[in-house]
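Some structures are shown below for you to check.
Here subunit A shows up in two complexes: once beside subunit B, once beside subunit C.
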Partner chain A sequence: MSNLIKFKIDGRDCMSEKGNFIVDAARENGIYIPTLCNMPGVKPKGSCRICTVRINGRLMTSCTTPVADGMEIESNVAEIQDLRKSIVELMFVSGNHFCPSCEKSGSCELQALGYLFQMMVPRFPYDFPVRKVDASSPKIIKDQNRCIQCKRCIKTIKDDQGRSLFAFRNRGHRLEVVLDKELGHLMTDELANLAMKNCPVGSIIKKEIGFNTAIGSRKFDHQAIGSEITL
Partner chain B sequence: MEKSVKQIIEKYGTAQTRLMDILIDTQELLGFIGKESVNEIALALKMSQVDVEQTITFYHFLSTEPRGKYTIYLNNSAVAIMYGQKAIKETFEKEVGIKFGQVSEDGLIGLFDTACIGMNDQEPAAIINNRVFTKLTPYRAREIVRYMREGKDMDELIHESFGDGKNHLPSLRSMVSSNIRRKGMILSDKYIYGSVTKNILPGILPEAVIAEIKHSNIRGRGGAGFPTGLKWEFCRRAKGEKHYVICNADEGEPGTFKDRVILTEKPELVFEGMAIAGYAIGGDEGILYLRYEYRYMKEYLEDVLMIMRKNNLLGENIAGIDGFNFDIRIQYGAGAYVCGEESALLESLEGKRGEPRDKPPFPVEKGYLNQPTIINNVETFATAVRIVENGGEWFTQFGTEDSTGTKILSISGDCMFPGVYEVNWGFNVEDMLDMVGAYNVQAVQVGGPSGTLIGPDEFHRTLGYSDLSTGGSMIIFSKQRNLLADVVLNFMEFFIDESCGSCSTCRNMPEVMKNKLVKIISGKGVKSDLTDLKSWGKVLLASRCGLGQTAGNPIISSLKNFHHLYDELIQKDKEFDQGFDLESSVQRACKYVNRVPKFHHHE
Partner chain C sequence: MSKPVIATTSLAGCFGCHMSILDIDERILQLIELVEFNKSPIDDIKTFTKPVDIGIIEGGCCNSENVEVLRSFRKNCKILISLGECAIMGGLPALRNGIPIEECLHEAYIGGPTVQLNKEHILPNDDELPMLLDRVYPCHEIVKIDYFLPGCAPRADLIWDALVALITGDPLKLPYEVVKFD
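Presenting the complex of A and B:
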C-alpha cells in the first residue's frame, strides 16, 4: 500500500500506484483520456498526441508521463479538448478517410473520436494526398490512404524471430508505414488477424473478410469510445 | 560487391546499434544501399528488410537508389538563395541535362538539394563527394561539370583554392574559410592545449570540477540553455554500468556554423573539454556526434585524436592520474536536423531513425544505451576547459548575471563581414549590426528559423537567456528582401522536410500552415487566414520535441513582428476566398477531354 499516491485530475481526487502512466491511472479512477496510438501492454511512444494533458502549465502526453504524488492534471478543459479535436481534424484532412466505404467503419477509433469531439467539418483545408494501396501480401491489404502512422503495427506485429513486419519509410510529411515484402508473403492468418485488430483505423484489412460485421453490432454502434471507462 | 559489404559488417559487428556506421560506409562504398546490400545487412543484424530501410530513408544522405559517381548536394537555405543559388542550380541543370533530384543517364552525376550545410558565410555552397565547394559561380559550376566529364579527381576540382586558418592543412585541404572576425576566451590562441588536464586535474577531485562549472553559471550553448554544472552533477549521481560523454556537433539550425569553425580551429579544446567532463562524471567513453555535412573533417579530426593519445591527453591513466581513462570516437549523422535534439541524437547514435524520445527519463539518467549520459554542445565543452583553468568565479565577470561568459555568433546574410564573432553575452542587436557592417536592415532572424524574427524597433534588445536567446545563428535581411516569400516560406519548407514525422502535429500542421502562407503570398488571402494561422499554430505546442513545438515559428513570429507585410497582401474587400481558381481548373480538365468549357457567370 505504501506505493499508493494521490493526485488530481480536473480537481477530482484520484489515487494510483506510483509509476503508472497518467492515462492508465486515470482509467483506474474512472476518468477517460482519449488515446489513439496507445495500446495496453505496449511501450508507449506518444506519437498521436491526442492524450495531451496540461501539468503545471506544460503540455504532456498522458500515455508517456508517469503520475507523481500531488500532481495536478488538467484534462477535460475547453482548451485541451479543442486541441484534441484539432488533432483529430488534422488527421482527417491529412489522409483520405472515406468512412462510408471503409471496412472498419463503426469499429474505427479515429471515426469514433470524430464523433466524440462532435467534429462536423474540419477547420483545416483537405490535403487530398495521393497515396498507394499495397495489396501484394496474400493475407492483408495495406491502405496508405487511411494510415495515421500510429506505429501500433510496427511495435506489435513481429515474426517468430522478433523481426518487424512493418516499419516507417521516409520522414516528416512523407512518412508512411510499409509492409516488408518478404515477411508479408510469409504472414500467418493469425498474425494478419492481429494486425487488422491492432490497427485503430482501416489501414490494415485482412483479405476476403471485409464488411463481415453487421451494422448494429460493430464496436462503436451503441456506445461512444471511452464510455466503458467513464464512471 | 558482396564481399565489401561483408567487410563493413565485420568491421562494426552485428549489433543493431552500429547500423548507422554500416549504412554510411556502404553508401560511401557503393554510392547507394540497394536491395542486395539491404538484404545482406538485414540478415547479419537479424532485422527485417523494411526495418533496415526505415533507417536509410530517414536520412537525407543515405539512399536506396544510386546517386551518381559524383553527387552534388547544393544548399537551398534562404541565405544561399540570397547569394545566387538559383543561377548555380540552373547552370548545373543545363550543363548536366537533368533536373535536381535526378541522376544523369550514364550514372556519372547526380543533382540534389540539401538543407543548410553550415556555410552561410560563404554561399552559394555545395557538397560534392564529401568535399565542400564554397562561393560558387556559374563559371565554376560549368567548370566542375566539365572536369567531372573529363574524369578529373576531386583535388583537381578544387584548384588548390583552400580556405583560411587550418583549412589548408594536408588532412583538410578544404575550400572552406573559418572567417573568424573576433576572438574571446574560446577562440583565443593564448591557451596551451592540455594544460588543464596536465596541471590542474591531478590536484582536483571530480566533484570540485563540477563545483567550478556550477559556480560559473554556464548554460548550454546549443540553444536550450540548461545549466551545464547541474547536468554533470545529475549524471555523476545517476547509477549505471557506464557513463557516457557525448558532444553534439550536429549544428543543423540554418545559419549556424560556429561549431564548424571551433572544430576546425580548436578541436583540441573541444576534446579536452570532453575528457574533463569524463573525469567529472566518471565516464571513460566519449563520442563526437558529427553532422555528415562535416564529413570532410574526418581525417583531420582523427589525426588530432591520435596526437592527443600520443601525448597522454586521451587513453589510459591520462596525465598520470591513476584510473583516469578516457577516449573519444567520432560517429556521424547522415543528414537530419532533428538529430540535434539530444534524445533524437541518442537514437541516431544507436543506429536508428532520429525520432526524439519521450521525457522523462532524461539522458542524464537513461541516455546512450540506457546508461547515464551527458550531451553538450561543442562550444560548451570548449568553454568548460577555460572555466576549470581559471575558476568559476573568473568566468562570471564576462557577460551578464543571468548569461555568463562569451558566446560565439554565426553571423550571415546582408552584411559586409559575415563570419564568426565571439562576444560577451549582453551584446545588443544594434551594436552587433554595426559591428558586422549591416546597413538598411529590415529584420534579423535570431536563433535560426525556430527562433525569433525581429525588426528595427527591437534592435535595442540584448543577447542572453532572459531576452534574445540564441544558439548562435544570426541572419540579417536588408530592406530589399521579400521576407515572406523568400525567407518565411523557405524556413517553413525547411521544417516540413526536417520533421521526423513521429508526432501527428508536427507531421501535418506545418504543411497546412505553409499552404495558407502560399495562399496569402499569391494574393488570395483574407483577414480570417491570419487569425487562423495564429490559432492553428498553437497545436504544434503539443509536439514532443523542440523542433515540432517551434516548427510554426517562422509564421508565428513574422505575424507578430511584421504584421504589416501580411496586411499588405490580403484582400480587403473580401471576407472569404477558397483560394481555388475554379475557371483555370475547369479549363485544364477540359483540355484532356477535348472540350471547350462554358462558364455561366451570374451577373
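Presenting the complex of A and C:
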C-alpha cells in the first residue's frame, strides 16, 4: 500500500500506484481519457495524441506519462477536448473513411471518437488520397484507405516465433502498414480474427465475415466509447 | 407571422436522405403546420418562387448541374443544411475520387463486365448532359454551408429535432443515438 500516490484529474481526488501511466490510473479511478493507438498490455507509444492532457500548463500524452504524487491533471476541459476532436477530424480527412460502406462501421474506434466528440463535419478539407487495398492474403484484406498507422497490428500480431506479420514500409507521407507476403499466407484464422479485433479502424478486415453483425447490435451503436469506464 | 419556408434537393445522392425526412412518420403532419415547402422533390415545385428560410441539401457535387443547383440554393436560402454523408464528404459517389474520370467512364460504358449493349463504344457526350467534375466535392467546398447533419441516412429524429430547433430557436439536443455516420 505504500506505493499509493494521490493526484487530481479535473479537480477530482484520485489514487493509484506509483509508476502507472496517467491513462491507466485515470481508468482505475473511473475517468475515461480517450485513446486510439494505446492498448492494454502493449508498450505505449504516444503516437496518436488523442490522450493528450494538460499538466502544469504543458500538453502531454497521458499514455506515456507516469502519474506522480500531487500531480494536477486537466483532461475534460473544452480546450483539450477540442484539440482531441481536431485530431480525430484530421484522421478523417487524411484517409478515405467511407463509414457507410465500411465493414467495421459501428465497431470502429475512430468513428466512435467522432461520435463522442459529436463531429458533424471535419474543419479541414478532405484530402481523398490515392491508397491501395491489398487482398492477396487468403485470410484478410489490408485496406490502406482506412489505416491510421497506430501500429497496434505491428505490435500485437506475431507468429509463434515472435515475428510481426505487419510492418512499416516507406517513410514520411508515403509511410504505410503492410502485411508480410510470406507470413500473411501462413496466417491462422485465430491470428486473422485477432488482427481485425485489434485494428481500431476497418483497415484489417477478415475475409468472408464482413457485415456479419446487424446494425443496432454493434459495439458502439448504443454505448459511447469509454462509457464502461466512466463512473 | 408567416410560416418558415423550406426547400430541399438531392444532388449526387440516392434520395435516402429524403426518405429519412419522410421517416419522421406522422410528425409530417406537424411539419406541414410548422413550415411551408417551396422548391423540393417532395412537392415537385421545380423552381424557387419566393425567398426560402431553410435549404436542405442531400448529396455532394459530382457534375456541373449539381454545382449550379447548389449555388442557386445558396442564393435563395438564408440557411443551408448539408444533410447526410454525401453532402458532407461526397459519400459513396466520392469512392471514384482518385480514379481518373476516363477510367470511370470506360468501366461504366465500355469495359465493365456487365456492359453488353454498347457495341459502338459510345461515351455519353450529349450537350444536354451535365459535365462530370474531376472528382466529387463536398457541398461546403463549393458554397458556404451553415449546418451539417451526418448519417447515411441521417436518423429521422435528428432531422426532426434539428428542424424544430431551427424554427423555434430552442437549443438542439443531440442524444448519442442520433449522430451516426452510417
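Please note the rule applied: the second predicted complex is superposed on the first by the 231 of 231 C-alpha atoms of A that agree within 3 Å, B and C clash if a C-alpha of one lies under 4 Å from a C-alpha of the other, contacts with A are read in each partner's own complex, and residues count from 1 in each chain.
Throughout what follows, contacts are C-beta pairs under 8 Å (C-beta built on N, C-alpha and C of every residue); 3 or more make two chains touch, one makes a residue touch a chain.
Quick caveat: nothing in here was measured; it's all calculated off a predicted structure.
By the touch criterion defined above, A:99 lies against subunit C but remains apart from subunit B after alignment on the C-alpha atoms of chain A. Applying the stated contact rule after C-alpha superposition, one finds that A:130 touches subunit C and leaves subunit B untouched. Set against each other, subunit B and subunit C touch different numbers of residues in subunit A, with B touching more. Contact with subunit C, but none with subunit B, is seen for A:224 once the two complexes are overlaid on the shared chain.
Contacts of A:115 after superposition: subunit C is touched, whereas subunit B is not reached.
In the superposition on chain A, A:74 contacts neither subunit B nor subunit C. Once the two complexes are laid over each other on the shared chain, residue contacts for A:10 go to neither subunit B nor subunit C.
With both structures placed on the common chain, the touch criterion links A:173 to subunit B but leaves subunit C unconnected.
The intersection of subunit A residues touching subunit B with those touching subunit C, taken from the two complexes, comprises 125. Partner subunit B is touched in their complex by these residues of subunit A: 44-50, 52, 59, 61, 64-66, 83, 86-87, 90-91, 93-94, 123-125, 127, 148-149, 151, 159, 161-175, 178-183. Contacts from subunit C toward subunit A in the complex involve residues 82, 85, 88-92, 94-95, 97-98, 135, 138, 140-141, 145, 147-150, 152, 174, 176-177, 179-182.
Considering their complex, residues 92, 96, 98-102, 105-106, 111, 114-115, 118-122, 125-126, 128-131, 215, 221-222, 224 of subunit A touch subunit C. Interface residues of subunit B, counted against subunit A in their complex, comprise 46-51, 53-54, 57-58, 336, 353, 358, 360, 496-505, 507-512, 515-516, 532, 536, 538-539, 541-544, 579.
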